[in-house]
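Labels run A, B, C, D, E and F following the written order; every chain starts at residue 1.
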Amino acid sequence: MYFYKEDLINMIVPDKPDPGAAKVLQETLGGQFGEMRTMMQYSFQSANFRGNKKQYRDLIRGVFLEEISHVELVQTTINQLLNESGEDAVGNGGTNGAPLEVATMSANPHHYIMAAQSSLPVDAGGNPWTGSWVYSHGNLAADLLNDVILESTGVLQKSRIYEMSSNKTFRETLAFLMVRDNAHQNAFAKALETLGVSWGKLFPIPNYDLNKYPECRKYVDLGFHNAQFNFRLDDTMIGQVFQGVTPSRNGGDLSVTPPPNGYAVPDLPEMPNEHSPGLSDLNS
Amino acid sequence: MYFYKEDLINMIVPDKPDPGAAKVLQETLGGQFGEMRTMMQYSFQSANFRGNKKQYRDLIRGVFLEEISHVELVQTTINQLLNESGEDAVGNGGTNGAPLEVATMSANPHHYIMAAQSSLPVDAGGNPWTGSWVYSHGNLAADLLNDVILESTGVLQKSRIYEMSSNKTFRETLAFLMVRDNAHQNAFAKALETLGVSWGKLFPIPNYDLNKYPECRKYVDLGFHNAQFNFRLDDTMIGQVFQGVTPSRNGGDLSVTPPPNGYAVPDLPEMPNEHSPGLSDLNS
Amino acid sequence: MYFYKEDLINMIVPDKPDPGAAKVLQETLGGQFGEMRTMMQYSFQSANFRGNKKQYRDLIRGVFLEEISHVELVQTTINQLLNESGEDAVGNGGTNGAPLEVATMSANPHHYIMAAQSSLPVDAGGNPWTGSWVYSHGNLAADLLNDVILESTGVLQKSRIYEMSSNKTFRETLAFLMVRDNAHQNAFAKALETLGVSWGKLFPIPNYDLNKYPECRKYVDLGFHNAQFNFRLDDTMIGQVFQGVTPSRNGGDLSVTPPPNGYAVPDLPEMPNEHSPGLSDLNS
Amino acid sequence: MYFYKEDLINMIVPDKPDPGAAKVLQETLGGQFGEMRTMMQYSFQSANFRGNKKQYRDLIRGVFLEEISHVELVQTTINQLLNESGEDAVGNGGTNGAPLEVATMSANPHHYIMAAQSSLPVDAGGNPWTGSWVYSHGNLAADLLNDVILESTGVLQKSRIYEMSSNKTFRETLAFLMVRDNAHQNAFAKALETLGVSWGKLFPIPNYDLNKYPECRKYVDLGFHNAQFNFRLDDTMIGQVFQGVTPSRNGGDLSVTPPPNGYAVPDLPEMPNEHSPGLSDLNS
Amino acid sequence: MYFYKEDLINMIVPDKPDPGAAKVLQETLGGQFGEMRTMMQYSFQSANFRGNKKQYRDLIRGVFLEEISHVELVQTTINQLLNESGEDAVGNGGTNGAPLEVATMSANPHHYIMAAQSSLPVDAGGNPWTGSWVYSHGNLAADLLNDVILESTGVLQKSRIYEMSSNKTFRETLAFLMVRDNAHQNAFAKALETLGVSWGKLFPIPNYDLNKYPECRKYVDLGFHNAQFNFRLDDTMIGQVFQGVTPSRNGGDLSVTPPPNGYAVPDLPEMPNEHSPGLSDLNS
Amino acid sequence: MYFYKEDLINMIVPDKPDPGAAKVLQETLGGQFGEMRTMMQYSFQSANFRGNKKQYRDLIRGVFLEEISHVELVQTTINQLLNESGEDAVGNGGTNGAPLEVATMSANPHHYIMAAQSSLPVDAGGNPWTGSWVYSHGNLAADLLNDVILESTGVLQKSRIYEMSSNKTFRETLAFLMVRDNAHQNAFAKALETLGVSWGKLFPIPNYDLNKYPECRKYVDLGFHNAQFNFRLDDTMIGQVFQGVTPSRNGGDLSVTPPPNGYAVPDLPEMPNEHSPGLSDLNS
């Protein structure tokens, strides 16, 4: 069973609305290599786990638990980027004075038609998330290899999306997730090390220096790239795998740690243009 | 943030393998009105909630938390129905002696090709779950009405699926979920009552008597149809809405309660025909 | 604007339930070359028609109007094939006594989970109808060629589906539609003749003799293969195109005629196992 | 059977081309809560209706008939918005002088590649319409609740899309449909009242005042929000349900009335850049 | 079996990056009437060919072989249009200095998130290619008619896409393919002539004069519109069909000829912003 | 450019029709890890290759070339399994004497409705192939890791599908492809070795002994698991990577060799029940 405390796993840094940034950040939420995919893939892999090497199941489930919080973090970041973005539309080239004109331009129109300026389970192109992306074949070596490539592609995409806007809300969340994807890449790469693989200098993929991203540095200093947060209320064997020298050429030792202190969820204001929540007078 | 204790929210009752039952039960996991839909819909509605009437957000989030456990319960039930179902295939009409022949017949072939005899994020027809099913429009009245119809359709479908096999593993999980869907139907119907609606005798939908399902009776006796389990580790305002007389004609008072004691997750045996997990000799 | 009289365009011949026949007949309703496709394709082609050669627009719209009735006829036929098919399931090989067990076997499970033993907007494989099949490119020669191939494929598929069951309900509807698809093939082929094409002996596609299908003969005797029913309440220029010698090697002259006398829509009984309609006691 | 008179159900008000408005208006045609969905959903619900309470079937079918006209109205409105929009592209920011450059910018490129500057069966994001959206579960209470939420969401989305452009062609059609969606919301809400529900002040959803939309006022003055147009050429029992006090807090009495006088369908000019219809010299 | 020589079937003419042109040119690669569709459709039709009239199978396979080269040509053209397009983004209206900002505007964001500024198996709207578009029904007349309409629609779309940008890289590839689609239209139209059809002046569709496209003229002068390139290393009966007077009103005789001399594949530079290929230091 | 010689890359062993085997073998053709995916993935990765380490591009393209032949081999195998399978249907449980009744049972109905008893671009569940499965991210390490997992999953699935029927046609093709997937797994694993990875005993995935499959042994004896067939008519640098000790624990040295001698393509008989090819009398 799953329990909750209303805390975000990382902070939301305020900046201006940026509907184009919100559009591309959807890839990180509902895209083929986004957080909904990692969440559901690890949910299926851990529930469907066969055999008695349960330290691997606990590893996969441990990452799964964090991904639920990542989904919430990206939802909240997209919401922050879209908040009051309609009113700004005119300034972005609008000429006819319609308050939601931005939706006819380069924004994702469903952010305004469906979601009342908040997040959707779709990718950067507006394609809905699909279960066919989940890989859970029950062969441990194959599942772990797929998990490594899923995390590697996730961080590769984020390093590209990061270059698409200088918005601070956008970049802070991407930077935090890039560091965490690194840790998860390490987790699955390490699991394959226990099966006999030696990775050389292959990781991290992509071949970057996290410290060159100014927002990443503080998370690296906290050791978040080599830590696995533990969200279990009972015992776990995750530490049997996630330990020892990191498989990354950045060095350091892997360790299981408590989650970070949580951050407050920003309040979302009412949006009368969108009739959201549209409650006034209803329950008076 | 989300925390976990390795407990199933309900028991798994053992019975024979039943791949046809597993195929149709997928609707309850990955179908348009299944548990993945409810989980993700309430995730988006609660994260995207606008305005200060946060008792409604807490209600939606509270149901979301339980749905994560429902996903796990249905995954585990499907796994139990599929376990060792390949070997039984010959007896189901197979004539050529191939151990996985059942996959060429009325089973879902992907249960054997992809999932190594375990669950998949697809519906009863094998169509993958899609994010386009998630409804989160940010208008509270519209969202709640959609939630009511989602829960009503979920239980309507389960009452039909229940008639498709007499397998005990299958029926026990369906019966538990029918009672819980009833509670969630009550939750959203009650929320609409606070906005002024009076439902008459409309609920429950469908118009059935839960007590006629022998497996349901014990859950009704425990009051599970009028209870909302609380999975919060911090405070919640859910009780401001989920209280008082039930909107169902079955009567009783709504109350927020602790979750049930958990049940052990059954071990899944190795499946050599499927090379799952396929670890032998690898890490020796 | 569109007007309606509650008459089916052809009779429903009673026979036993046949869920397998219902499954494959879905291709004719919701498949890529089924009646929903023809209905929507001609709707878009006629609404989007450019230029002043409106006799072609009237031809396309004229066929569109009939297709709405074809959709209703196939829906009704599938309903007849599914009616009380659940109870028969045990006799079809069921062993565990569950009343809807047929849904776990070779039937389309959504016929029982979603549709309460009635029709769905999906094809024979259970894939939902999609708008991407609609061809409306605005170039008249290309649109008409696509319409010819759409009708030809429709009748080719129906001639194959006809061989999948000897059920009389099933075959009567298929036979009627094969004759009408022939007429529509003639309509679009004739329109291309007015643009200069000479078809030789190419049509009908497939290269069959309608009179060899016993159910077809009476419709051929009525001249339905060379007639276009007129559903317009105002004037139409369709007769400027649909006239003269048929482009089919079967010979005869094309003519616009009134629609057939309608047939009664069969009543669908209540289905308590499916809680359909599930009204008892609700509005008492 | 279905009959037709070449009349639009409402007027097309001329204004400048607006390809961005055409893009978002596609949601109202081919989107999850657009007119194709309502048309097909009510087609299936009425054809699949079980039991003898046929006044409800007649109500659902009555709305279905109007939706066919709505599809035609939105197709025609999109065509008007796209007409000659290519030539205007350069003025919208184009720099290289290519006549259809607008298709590389914020327009839906398929409006120019496929549809020759006319409508498509897709939503505002370019996703094709899919049959999986159709809800027809055969349980009357569930079907009616889904119909209420479908109409409510339709009008909620239209009220948002309305804010995306001040184009008069665009807003007039949206305003007319908002009033009609209100009537249909009333129809299904009233049907649920006959099953015992009392809605309080919940409707209309969204919680707006139609009279604040200048284009809506004349339709409200005509009573279109409380009228159901009757497109039947034979008898109907729709008036047994659609009568008495409206369930909307706007007040008034429901009544079945003849359809409005029709409006002429605008001619669509030839589009030589798109080879549409491309007939010149072909049949000379 | 299939053999390869690293030669492009036509030249790549250099010009500036043009991400909007790359976006719409995707229709020609991964769209419903693009080169992936023609390649796979003719692959299935030739592999599934029934009966002994193998001259038709050889004709279909002959076109299939050329389509593999067309896929490569369009991939390479899109790559050329995207190369270094990120850095130009700021000049296209970007204001925040992010190097890949163009991805948040009217470009296809997946060109930058997934493909590292190269081609994707998707259409101009970003929808992925799907196998449901492949038509291979095994009836030769129906298959050939579908092939004619596929080629006609392909060239119709290309003639529209051509008008979307004046970029030389873009237009040269489109012009070459328009001439070749003409030849393939002739091939399938001729095959239908051998079955008795006489086309009059219907072809080419669309009804254009290739010589009015300056880039096309040289290919017409080389006779490419009436030639079928032969990629077989063994004998073929294609010449039994592809011979004699063209079915196009442009006149000339059809003949099977050797393929053109190949053209060099341009080198794609490294793209450090995208970590592509990201090899530095890895294998040192 | 691509050239062709009409030779299959392996033999087709005759056996009885087996429509259930044909249905599941579709996974190997049109499934997420089937031959169409490998063909298109390597097509995109080689065309989109960046940078000057062209030995890797040549490796990827070399495997691409073989995959085109694999597509043809699986198409042909499915055709052989379906040939005359309709007439056998009655014996498979049919009771009503309809010649294509098998299509209403556990077969893929589209094999009979669309494909005239031949192959389709769909998977074992009937879902069409989609371009969203193609992975081509331009980062060489990520692309190669994905290629390894693609080949590993392909062979894992084939080892499971092999257990679904003892049909000889079916098993011979699967066995040949399992050995070749092994070689391709080795190719990409070796490429990663040149980037510094050391695989230990991880490969082959799954952890099986090819020699235990009787059909595989002869291919292993020929060394096909350590060979890369060369389909280039010009020079290639593939041998710079595909050389030296295999990364598989089965041992041996990798070497580039000529392709096998080809095998004749079986003739497909006419299928009058399906009007395929349906030519008789047409061109007389």
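As a convention for this text, a residue touches a chain if its C-beta (ideal position, glycine included) is under 8 Å from a C-beta of that chain, and two chains touch if they have at least 3 such contacts.
If you're wondering where the values come from, they're calculated on a predicted model, not measured in any experiment.
S.K.: List every chain that touches both chain A and chain C.
M.R.: Both-contact set = B, D, E, F.
S.K.: Do chain B and chain D, two copies of one chain sequence, contact each other through the same residue numbers, with over half in common, or through different ones?
M.R.: same
S.K.: Approximately how many whole Å separate the CA-defined centres of chain D and chain F?
M.R.: Their C-alpha centroids are separated by 48 Å.
S.K.: Whole-Å distance, chain E centre to chain F centre, using C-alpha means?
M.R.: Chain centres of chain E and chain F, defined by C-alpha means, are spaced 25 Å apart.
S.K.: Quick one: chain B and chain C, Cα centre-to-centre, how many Å?
M.R.: Those two chain centres are 38 Å apart.
S.K.: Which residues does chain C have that touch at least 2 chains other than itself?
M.R.: Touching at least two other chains: 106, 114, 116, 126-128, 130, 132, 137, 139, 141-142, 156-157, 195-196, 201-202, 205-207, 274-275, 278-279, 282.
S.K.: Output every touching chain pair, sorted by label.
M.R.: A-B, A-D, A-E, A-F, B-C, B-D, B-F, C-D, C-E, C-F, D-E, E-F
S.K.: Considering the complex alone, what residue numbers of chain E touch chain A?
M.R.: It comes out as residues 86, 96-101, 103-106, 108-110, 112-114, 116, 126-128, 273-275, 278-282.
S.K.: Which positions of chain F touch chain E when the two form their complex?
M.R.: Residue positions touching the partner: 1-9, 30, 36, 40, 43-44, 47-53, 56, 61, 65, 68-69, 71-72, 75-76, 79, 114-122, 128-132, 134, 136-142, 194-196, 231-234, 259, 262, 267-271, 274-279, 282-283.
S.K.: Mind listing the chain C positions that touch chain F in their complex?
M.R.: Its residues touching chain F are 20-21, 23-24, 27, 31, 106, 124-127, 156-157, 159-161, 163-167, 201-202, 205-208.
S.K.: Would you mind writing out the residues of chain E in touch with chain C in their complex?
M.R.: Against chain C, the touching part of chain E is residues 32, 127, 130, 132, 135, 137, 139, 141-142, 145-146, 148-149, 152-153, 156-157, 192, 195-202, 205-207.
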